[in-house]
């Protein structure tokens, strides 16, 4: 439950302009899907929202307050290259968020608390089809399994803003539909604000309440780095969450 | 230009059966697309073809000879998690295959040879839209850029068998179409045999001359690892390469 | 710290290192003789073996020990030059062939050393012995090239092809002489009484605690009396503790001039030779910068001998030879 | 014919290959020893096998006349105690320092240059100070090893902590991890196997310091014995002792490797 | 308030933080020195600043009475030559060994246990054998460092070579790389920065061996001087020399770090 405001935002790497004069206002509880050519700066935009990159110029506000300069449990992330913790089994990877928020000092849960957390985790594992693999280490999982786990890991703590960087790239259509359902259910239950990068236009239209298209307004063929991308289309989509769930 | 024969092939990890009694005959120059649920063993099958995993039982023949037990330039691969060489720039990454095959001792090309190679590489870079980023290191590329480079890297040497593990997962529709075209052109020019895992059914139908569906025939709910997947559908697709190129 | 030890106290720490002339201390402790004497004077004496000789002196100088064994030259250059007023309580022996100069090649003479590199522990008594030896054949130190070589490695170093000459002490000297091409060309028996082995006590501690001195002196002479009698148990123990066998140990003992009785010791320290020796030693030390970078003259450190004679700066007496307790021992008054 | 890089020796020949260089070394020794002993039968530098066996027997199985103890075991026990304690302390401090230096920028700014500088101080050169501050007992010996080994372990661990992918750290923060939880639940567990590697690489150094410490002030221990007989060039004692030290260190190395594999299976399969 | 882990000290205060522990050390020294000198004005263990300055002046800027040379520079030059040559040789051999051990299973089976065993041998204990083989000159001193440092570097490099993702090696083979090309074009270039790290971690050890080597038989060098003046507890010489050695080693470390960053930018941005 958080609104996001972007004001005259620029992002440059060295002399390469990646994002150019971005202006946006996203309301509480929107489901924003982002599309755009490869390398145009979508991931960079998510990293800015996450707080791990600083804008070169301009402002980024969450609920009209400047964005905290570091990641936190209010903003969940699924990376393009899924990153799991190699030293933890599937269950442990999933429990981690609950343990962090439930036990500030030890970062571990015991007794009844642990049982409750474990139930929640197991239910989620079941719904993403990883229950049978719950004791494996990440290196023993297939690519798609890792991606599903990564998604589950970031939604289990129910963040206010969920950032998804091509979360369904490595999933087959059946499982992809299941994951859509999980994300949509969580979104409508918790009214979080979602930003999702996708290359699948159909998916973007189907899931989002708003579609952002990133593209360069200007091109300099001599110097392709001179101009950056910005939001060229900002389409409100009309469908309701409940409808989309059924779809 | 190589046929692939699979005879009564089993693959197990410990007591988990991944692939079960696989039998196949793929002719020279086919374009095989593979679909199947996440975690069912598609990547494992490619790894067997690559020669980096050994079958637990059964035979794997290329041109009716046992598969060499190690990877070689006859079989190109694009990994699900794209793997580039972090110490080489984009151009260097792409040149590598040409240098390896063109210079057995130094692994480097000089003079006219180098210029020819460079031209080939630059043309390819241009067609995948990475010419502007040619001097960057992989860690400075976006996910989709890395994936494109990875594909280009494996096709530049024109292998006889090309193994693609979800090669287009991180690409937007425009670039994806370009990549389709590049792959199809190379395939029809060199008559290589292609195995491509994809989660996009439409893409699978559109590109392949044959579609394999991997699935488990039997399920033991008590012990999900007891049975492995096998090829449940093996559909010849009728479209011609040239038609598909136009599509 | 050194001043802390000035007060009267009940327990004392003594450091010793392995050398033929000091092995009696080990036996005194092991056999209970030392404890017997300490008990007699109502004190405790803890004897600590330190394997690295120089380190033991350094530790004594830094104040970790009340007493330590060392040679006359090292006493002058380390504790005394370091400002720690020290007293030589017992003159146990002097080297009488224990230190020697070896040149590779049978039949060589000391004069043949000219122009050769000489491996030795620089600035040690070996260095002093060499300097004294060179004088006898009219050579100067610059006629040779001194290569600093640690005493632990000197036997191995001698075996190396490029080693031409070496100066060292026993037991290393015996090992080197055992090799077929080694020629002993000079040894400490030619300068008897110049390399002296001492039990050194912090002067302030000594002054405040005569009991400590009495116990040490008493234990020492009781122990070496056993040696003089060739007590097999004592000798076997000392041989083993110094890492050799009885024959090897007796070989070392043969070239060590022990003062078997308090009387012998007394006549040596009160005699004139100690003073001439110390004069030679302090000049050598000064020439080699051993009295410290700040030392402007050879006289910086004052040395006092029994009877009140002094050498050097009488206002800065840091090295004392004291015959009081040996005298008591010789009179049987301990 | 597969590439050399893909050829794995079968179990049996792997064992044979592993033993080969040792056999060559032994052969070289025998040859050298024979040659020297023929020239001079009293040569002590490379004693004959018979002499070695006798000496080993005397040191390892006969009671010492003087003390009634079997020297080799007394020495081994004394040295092992020291080195195990010292390595334990070094590993603990090294891990703590390395972890905080690697994880927390302020601590890095504060401690990294200092640790780097300290790791360069040759501890043997400041031994006198050390002995005076810590006395000549067990503490000083253990401290010498700790001082010599800890900074290197700390730097190694810090280097490795810095190599963890940033994505992991970011992800953990989005899961609500504080700096403390990040350190204890994400970074620390992944550093354990790396700590073991770091300690393994320092084993040789640790033994070196132990020997140096024992050579200065001690009355038992493997280093002490070597020091004691060195002035007699008793290679018939020194060589077996060196061999024994090497074997002990090698076994420690091997046990650490096994422990790493058992305790952190995920770190093996990561490759 | 951001997490500790995300707080980066600004440049100025980073420098201050870095200097802080050194200041504390200096203060502790001054206190200790004062206390001891009050008790005994001639105390040699912790000389006063004035004494230190005098001695440094004498050693660094005045000609020695006996030899007519400026001792500090003569010593520094002698030692630096030795250590640079030795480290160069060690790095070269260590890289070669580590690379082949890490990359080629047959070589690993053959050499890994041997290198592990050799890395555990305390070289100082077998010095006599070394003397016979190599004499007492420069060769022996350099060899001692090389013997002490190389096996550890080799093991470190081999460990790192083994950590390269298998996907890379597979990919390279599908691009037609032979074992040779794989080693020279894929593995070797990625090991360079790791070699630099390995050498950096061994710098302290290398200096230690240098000092030990110079203590054995030499006529100049930083280690020689330290051992020489240790005979009369001239801490006013030893401490500046130790400081100087530490500084030199620290500078070498720093230069290696800079070189790593300059030469292998991709290795930095990988994090």
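To keep things simple, chains are lettered A, B, C, D and E as they appear, and every chain counts its residues starting from 1.
Here is the rule we go by: contacts are C-beta pairs under 8 Å (C-beta built on N, C-alpha and C of every residue); 3 or more make two chains touch, one makes a residue touch a chain.
Keep in mind that this is a model prediction, so the values were computed, not measured.
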| item | value |
| --- | --- |
| Length of the shortest touching-chain route, chain B through to chain E | 1 |
| Those chains which touch chain C and also touch chain B | D, E |
| Chain hops separating chain C from chain A, counting only touching neighbours | 2 |
| Result of counting contacting C-beta pairs for A-E and A-D, higher pair | A-D |
| Reference chain A; chain at largest CA-centroid distance | C |
| Same-site or different-site touching of chain A by its copy chain B, using the half cut | same |
| Distance between chain centroids, defined by C-alpha means - chain A, chain B (Å) | 29 |
| Geometric centre distance via CA averages, chain D-chain C, whole Å | 37 |
| Distance from chain D to chain B - Cα centre to Cα centre, in angstrom | 47 |
| Touching two or more other chains - residue numbers and ranges from chain C | 58, 62, 153, 155-156, 159 |
| Two or more partner chains touched - positions in chain D | 3, 6, 45, 128, 132, 165-166, 173, 178, 233 |
| Multi-partner residues of chain A (at least 2 other chains) | 70, 81, 140 |
| Chain pairs that touch, as defined at the top of this document | A-B, A-D, A-E, B-D, B-E, C-D, C-E, D-E |
| Interfacial residue positions of chain C with respect to chain E in the complex | 1-4, 54, 57-58, 61-62, 74, 77-78, 81-84, 119, 121-124, 145-150, 153, 155-157, 159-163, 288-290, 292-294, 318 |
| Complex contacts: residues of chain B adjacent to chain A | 13, 35-39, 42-43, 80-81, 129, 132-133, 140-145, 148, 165-166, 169-176, 199-201, 224-225 |
| Chain C-touching residues of chain D, taken from the complex the two chains share | 40, 42, 44-45, 64-66, 127-128, 131-132, 135-136, 214-219, 224, 227-234 |
| Chain D residues within the chain E interface of the complex | 3-9, 13-14, 17-18, 20-22, 45-46, 103-106, 109-114, 116-117, 119-126, 128-129, 132, 148, 151-152, 155-156, 159, 162-163, 165-166, 169, 173, 178-179, 182-183, 197, 200-201, 203-205, 207-208, 211-212, 226, 233, 235, 238-239, 241-242, 245-246, 249-250, 253, 271 |
| Residue numbers on chain B that touch chain D, as the complex places them | 68-70 |
